[in-house]
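Both of the next two complexes hold chain A, though its partner changes from chain B to chain C.
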Partner chain A sequence: MSETALLPAAPEAPAVPAARGRSARVLVLSIAGLVASVAMILLSASPDYFVTTLRLVVAAAGVALMVVSGSALGRQLFGPAFDLSFWFSVAWLLLLGLAVTFAPWLPFGEHLDVANSLDQPINASPDPFSANPLGTNLFGLDLLARSVYGARSSLVIAVTAVVIGTVIGGAIGMVAGYFQKSVDRVVGIFTNSLLAVPPLILLIALATVLEPRIRNIAFALSLLTIPGMVRLARATTMLYAPREFVVAARALGATRVRILFRELLPNVLLPIVSLAIVMISILIVAEASLSFLGLGIEPPEPTWGNMIAEGEGTVFEDHPHIVLVPGTFLFLTVFAFNLVGEKARRRWDPRSVKL
Partner chain B sequence: MVLVLLIVSLGVFALVALLPGDPAVAILGEGHPASTYDDLRTELGLNDPMLTRYADWLGGALTGDLGRSVVPPRSDVSDRVVSALPVSVEIAVLGLLIALLVAVPLAMWSAYHEDGVLDRMISAGTFAVLSVPGFLAGLLLIMVFVNALDWFPRSEWVRISDGDLLGNLHHAFLPALTVALVELAMFTRVLRSDLIVTLREDYILAARAKGMPPLRILFTDALRPSSFSLVTLLGLSLGRLIGSTVIVEYLFSLPGMGSLVVNAANQGDFPMVQGAVLVIAVIYVLINAGIDLSYGYLDPRTRKAHV
Partner chain C sequence: MTAPLLEVDDLRTRFLTPRGPMVAVDGVSLTLAAGETLGIVGESGSGKSVLGRTIMGLITNGPTTTVTGAVRVDGADIHQLTPQGRRALWGTKIAMVFQDPMTSLNPTKRVGTHLSESLRFHRGLSRGAARTRAVELLKLVGIPEPERRAGQYPHELSGGMRQRVVIAMALACDPKLLIADEPTTALDVTVQKQILDLLQSLAERLQMATILISHDLGTVSGRTDRVAVMYAGRVVESGETRDVFAQPRHPYSGALIESIPRLDAASHSLLPAIVGQPPNMLNPPSGCRFAPRCAFAQDRCRTETPALVDDVACHFPLTQALEVHA
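Presenting the complex of A and B:
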């Protein structure tokens, strides 16, 4: 493998200085477009103004306008290489992270205790201008609050699992890749066995046995990440092990531990971290699927999966927002992690692994 | 491969056998005389050491006997698996077919008109679809095609063996489409990027210079050498395919393996979970082995490379 793969991506094209007068016009227009699109989305989310079909049309037009004016504004401010979807993803993840961290102090409606939501309307549709901006569920619990607290368990579970999987899988993979021979063979059989059961089936089998608590589910999910991590760490280590700097370190009398930690780890780390980001989105989906099937965290404790399951049957025929609200949260988060992870991987992974 | 299967079977068995709590109490409920529990334990073989039980179970599994469910009416696990398997296979195969039928033309168009407007829309669209979990996609499809438009029925199933093939397809289409969505997006992306590389080869240029029509170039010259990653992906996506089939069966209440496993897991029916998971794992490993063999057909260069 050549070293060029490790160089950072080609420098981005220099910003073309636009003509002053036109720049100001585009700036004003795009900001106006952005404001208008937010207004359109808010109006269409509220049940008072339009009939259903028109609401969908207005919402779609709002989103389209937002994309167009957002990227125009971004290109104007940050140069032509501006990638709207990437920055949108970063912004969404930051926003979600902040909301999750400060959830107890934010002015949300009731998310858990049915006794406190007796005075709330049930199955209320989303209305940005009311006390429950995203509506309520069958028990009058606030969907915005539940979505944020659901993000809490989803993110905690997924991130814990990925960290466990990355540390264990990365360590095993590096050892297998460096020592090879019989160690490698044993590790190979172990990972192949883990890969021989389809992921969701493995999860369901584990869920039969384990009590549905955050700790247990995180442990079960980490088992899913280990084989992929082992393979990537092993392959990357094997790529670097014969290189000059490793040979030189060995010739200077460095111990195996030192070589693994000081010479190989820094090179293996970046590809592994970029895979880990993509893994987070896979695990969020896996956790949501599990709680959707009724095998994960149990209600009333909210997760996106069991919130979506509340709409199962005939409920969501009359109240589609029960599914759509947590569904949108789930989609945006998975999308954001996918996009950021993909970008990181394209930049840092010397060989592209397809999972 | 045999070793892997052996480890998997041991894992599946140990997982459930190490279950905390007494299965006999779980089955009968509490408040029976102690001798009743003892009888049941003897009948289930729970008094034997674990290795003996594993050997018995594995021996039974090899001869097609996976034991009996512990949930009344205590039906035979093998029977249930045999009746559930065709449903899942049908959904998975149909889903795969839909995915391939849509993905190949989409990818060809995309690759041939690289960086065109439609190509960019397809790229963005497939990336978005990849971020929609199967159960969410299924619910949205139900929302549109069942609730709003009323084109398809929900949650009934017509077996092929009843002779009503059209009715069967009518019921299977929406679940299969749900399964197909993610695969479709994946296939399109991978095939597109491989096709773009292939289309830059000299022999494609030669074919073009000879005046061959684009469609003929795409199908006869470019498709086979470009489908290498696609076939690898087919193997890798199999696990996801099985996973989404499970979800879709649950969602549409189809009597397949997925519903079998999920219901058994919800009821703590461990012989059923063990048996079904073992069958799924065996099928999975066998198909993956088959895919490894197909490389030789696709790319003659690999025939000698590794055996």
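Presenting the complex of A and C:
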């Protein structure tokens, strides 16, 4: 293996040769490393082979090996700029999206109806080679199935809320940024009052009057995203509105509506979308917190929040996987949305847009 | 003689700024016949852009802006029209080329879209017809491989190329009057000449009247029929470009002409610069506004504002002044 592929570049020689030819050896080794790491993680997840401490060590070693060989493989295939965590995030989101979409047709255990899980072990630990790869809960319901169906509610709620918030907040912000003056002042008062209410109190207040259904929770959460969207859309619009291309469009006879939609919207869209992606991750956490507090979707309908809440009391100590499984799903998803959103934001930051 | 294409009559543009009212254009009158070219020259801050935008109708009466006087294009007063009426003129009768091609194109729109949009809007062309016409326009302004360029984004084009696109945009709907506000200031010297030559040849070919705004008399000489020299919001001299060059009568025009670098001058000879600062437009000097910097100023100049008589606003026009001081 060519050592430079894995070692960080020495400080006195920062210019690692960028375009190295593909080395077959690195390719084979990194693929082998990936396979081995997957095997190690699977083995460590299964209760049959090692004692707990050893399982943790093997799991950690597996993850480390996966990171190392994954980035080596990526650099070999896609060049030195390969960003493993970004592609991992994309892969995770794609995988989750597919699982969520096709959940009813996948060979999962029972996720909802206790009557169908009477014959299943309860509080079973994860075992990749059993019918319940991620274990079961107190009612024998399959945790993998519940995590995927839980992702369904979490993602639907978070995405719907962000879409509502982006469309409404973005439109308000653009109008305020373009027309300014009194429109802007009214919008400023509106956003500032929304920001003045502590989000948790706003949510709890809404949760007490609204039925805990997906639609209502999405609506309540969208209120959290609106002020941020208004501000970003307003600031970006104000950045672009005085540009000469807007005057030029006007001087060719474009109406104000046309200028808003055709000249300003495309420029405002990119930063807005980047923020929206990051906001999805925030709302996933917010929704989980609501469910955890018993204010969101009610069990047995799974969401990550109410699944984590099942670990209350001594359950977590006796059966840590009840919390760790949905917690890992939540963590990975939030992490992935954050990373993708950040990358998008850096790429499309209005201040760094090249003209 | 037929009525002129453009008549500007005693135009004044006044801004209410936080530091007080400011008259950026102070009583300018101009006429321009169809197909004629006019240069407007003056230092930075003399109000050339404000004049151009007020003629265009982009600057109109508003909460902080007052426009008086008249701008008639084909007899219709731009400032008396409704916003819809103005929009109907923009692009079709009167169009503008802006200074900076870096910012006058939308970074998120393809080159072809910039052109086809106004064609569809004003001319009601179909998508396909507008596209064909867009490619024709790109060819007209001398862009090689117009089909490929139409599909590119502005940042993929060089500065000169972009300015050609901006010109093509302005020409899309065959305007009768083109206002080019320092169209080459942001470009490399070598590209400047190409763009100016392009504008000149297009104006001739399309029989389009042109107003060429520049801070540099050299840009305007040889490319315009007539020239108006602006100082502190006012036209101080106007006339046939050839005549003004050969025999400037206003001391400011004379100083501007003397400060043009000459090829025949010794390479290290110092350019005679105009001494002093441009006037503060919030509080302009009384009398002749050029008086604090004028080599020929006399007491009368500082108290009595010279009127524009016989196309020159000076109490002691140059030939006469030279005799007085000789």
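In the analysis below, the second predicted complex is superposed on the first by the 328 of 355 C-alpha atoms of A that agree within 3 Å, B and C clash if a C-alpha of one lies under 4 Å from a C-alpha of the other, contacts with A are read in each partner's own complex, and residues count from 1 in each chain.
Quick note on the criterion: a contact is a pair of C-beta atoms (placed from the backbone, for glycine too) under 8 Å apart; a residue touches a chain by one contact, two chains touch by 3 or more.
Computed from a prediction, not measured in an experiment: that's the story for all the values here.
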**Fill in**
In this superposition, the partner of chain A with more touched residues, chain B or chain C, is B
**Request:** Tell me which partner A:V247 touches in the superposition: chain B (first), chain C (second), both or neither.
**Result:** second
**Message:** I'd like to know which partner A:N267 touches here: chain B for first, chain C for second, both or neither.
**Reply:** second
**Request:** Give one of first, second, both or neither to describe whether A:L73 is in contact with chain B, with chain C, with both, or with none.
**Result:** neither
**Prompt:** Touch check for A:I322: first (chain B), second (chain C), both, or neither?
**Reply:** neither
**Prompt:** Where does A:I259 make contact in the superposed view: on chain B (first), on chain C (second), on both, or on neither?
**Reply:** neither
**Complete:** chain A residues where the chain B and chain C footprints coincide 354-355
**chain A-facing residues of chain B, complex** = 3-5, 7-8, 11-12, 15-16, 18-19, 127-128, 130-136, 139-140, 143, 147, 190, 229, 232-233, 236, 238-240, 242-244, 246-247, 250-251, 261-262, 264-266, 268, 270, 273, 277, 280-281, 284-285
**Request:** Write out the stretch or stretches of chain A touching chain B in their complex.
**Result:** 189-190, 192-193, 195-201, 204-209, 281, 285, 288-289, 292-295, 305, 308, 311-312, 316-317, 320, 323, 327, 330-331, 334-335, 338-339, 354-355
**Partner chain C, residues of chain A touching it in the complex** = 243-245, 247-255, 258, 262-263, 266-267, 353-355
**Request:** Would you tell me which residues of chain C are touching chain A in their complex?
**Result:** 56, 58, 87-92, 95-96, 98-100, 102-109, 117-118, 121-122, 154-155, 166, 169-170, 172-173
